[in-house]
Amino acid sequence: MDVDKKYFNNISNRERAIFEGAITMGALFHQFDGTPVNTESVESLEKAMQDAMELQPCIEKVEVKINRKVLEDIANQFQYTSLNGNMLDVKVISVFREEKVIVRMKFIPELHYPLMYIEEFE
Amino acid sequence: MDVDKKYFNNISNRERAIFEGAITMGALFHQFDGTPVNTESVESLEKAMQDAMELQPCIEKVEVKINRKVLEDIANQFQYTSLNGNMLDVKVISVFREEKVIVRMKFIPELHYPLMYIEEFE
Amino acid sequence: MDVDKKYFNNISNRERAIFEGAITMGALFHQFDGTPVNTESVESLEKAMQDAMELQPCIEKVEVKINRKVLEDIANQFQYTSLNGNMLDVKVISVFREEKVIVRMKFIPELHYPLMYIEEFE
Amino acid sequence: MDVDKKYFNNISNRERAIFEGAITMGALFHQFDGTPVNTESVESLEKAMQDAMELQPCIEKVEVKINRKVLEDIANQFQYTSLNGNMLDVKVISVFREEKVIVRMKFIPELHYPLMYIEEFE
């Protein structure tokens, strides 16, 4: 079965790249939110998040940065914290045929929450 | 701050509806996958999944059906199972301005996995 | 196979009740942390958390209360928030044979985090 | 505040080690169940699971082995799969004062599910 032809002939290549990138961003957030993390464990968590999410359809690359400043601040009071969206800066690079999009999630100070949006088309 | 203007002026209204619907589908899968479920608890789980995911940006409605046949089959051997994607049939209806899309996830027998795709534009 | 005899003959009935109650408390926290929630959806989420976690071995009852005050406060600024441990007050009642324990999780102001402990033996 | 004295004076040191080990095992399962994984990404996922869960109270060491045979088998048909309990073999080593317990989760063929139990006291 030609999945692209049967299930995705109603959207453009650019829309497909957006669709797959957005799925992966939503998945990443909700899979890992709540994971215990501190300055010692942060690197292996970032790497696992990247490696896992790069497996999803059309995903070329995932870059995850967890805010070190937040982790250092909590280290004065707690041994670790639970990962939450406010600490995350993520790029998901999604490619379908000739279309490439960079989906971004980052904390926006004026909004007081982490926004997911499309940073760039290439 | 006008978020739409500042962060989403690079995509069409239709692309925005796709983007938000896809985020929510990825989020739903990875938030609830692994939840204990059986024929007794399935209704409250479906309702909570719907209510939670309808809160996300641009989401008008979410319909979740967990496969009763699978739950009845396992009931002969186990008291419950862990929710997984193969049991899920989900519609996420996402609306941005005049554009409405229905994102669907369902198990496709020929593929042996649950596919996420866009079922319809309205 | 007699599972209790083969795998649990090294612990007392009271230890078994503690063991199963503690597993369920850890499971509950990490399954649902991150779920979108507001004052509208909170009841169905509490119910689903209870129903799902009551399926686990030896669990007689689970009571989940999500802090309404926190949800009302965020409602002034946001449409919803992500469930986190600080909002949760949970009792897991675990029973093995004649032994019953109540495992509790609640936010402790002096500690600034939600503590899991054994509230009572019956 | 002396947390041990205030909240844990109703249980023995051995019970405390069991309690904390069991919480971490339940947490580990429900945090990571559903994560995309294949033979390429399995090592970084195991490492992140270990590093994250070793942060929890009283946890001295966590060993996670994800079944390579299962991952190799699915590789013929799929690019990746979702992590589930049947693939997991986990040891959580929990210590409180002089008491050490090894909590184990592994798939038991006769039961057709992954059992959590206490493997050893030291």
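Going in written order, the chains are labelled A, B, C and D, and every chain counts its residues from 1.
Throughout what follows, contacts are C-beta pairs under 8 Å (C-beta built on N, C-alpha and C of every residue); 3 or more make two chains touch, one makes a residue touch a chain.
The structure presented is a predicted model; accordingly, all values stated were derived computationally and were not measured.
**Student:** Please pick, from A-D, A-C or C-D, the pair whose interface repeats that of B-D, with more than half of the contact pairs identical by residue number.
**Tutor:** When the contact pairs of B-D are compared with those in A-D, A-C or C-D, A-C matches.
**Student:** Give the rotation angle, in degrees and rounded to the nearest 5, that superposes the C-alpha atoms of chain A onto those of its identical copy chain D.
**Tutor:** With C-alpha atoms aligned, the rotation comes to 180 degrees.
**Student:** With centres defined as the mean C-alpha position, give me the chain B-chain C separation in Å.
**Tutor:** 25
**Student:** Quick one: chain A and chain B, Cα centre-to-centre, how many Å?
**Tutor:** Here chain A and chain B have centroids separated by 18 Å.
**Student:** Determine the centre-to-centre distance between chain A and chain C, using the mean Cα coordinates as centres, and give it in whole Å.
**Tutor:** Taking the mean C-alpha position of each chain, the two centres sit 29 Å apart.
**Student:** Considering chain D alone, which of its residues make contact with at least two other chains?
**Tutor:** Correct list: 27, 29-31, 34.
**Student:** Quick one: which bits of chain C touch chain B in the complex? Just the residue numbers, please.
**Tutor:** So the residues of chain C in touch with chain B come to 27, 31-32, 34-38, 40-41, 44-45, 47-49, 51-56, 79-80.
**Student:** Taking the touch rule as given, give the residues of chain C at its contact with chain D in the complex, in rising order.
**Tutor:** 1, 3, 7-8, 10-11, 14-15, 18-31, 110-111, 115-118, 121
**Student:** Which part of chain A faces chain C closely enough to touch in the complex?
**Tutor:** 29-30, 33-34, 77-78, 82, 84-85, 112-113
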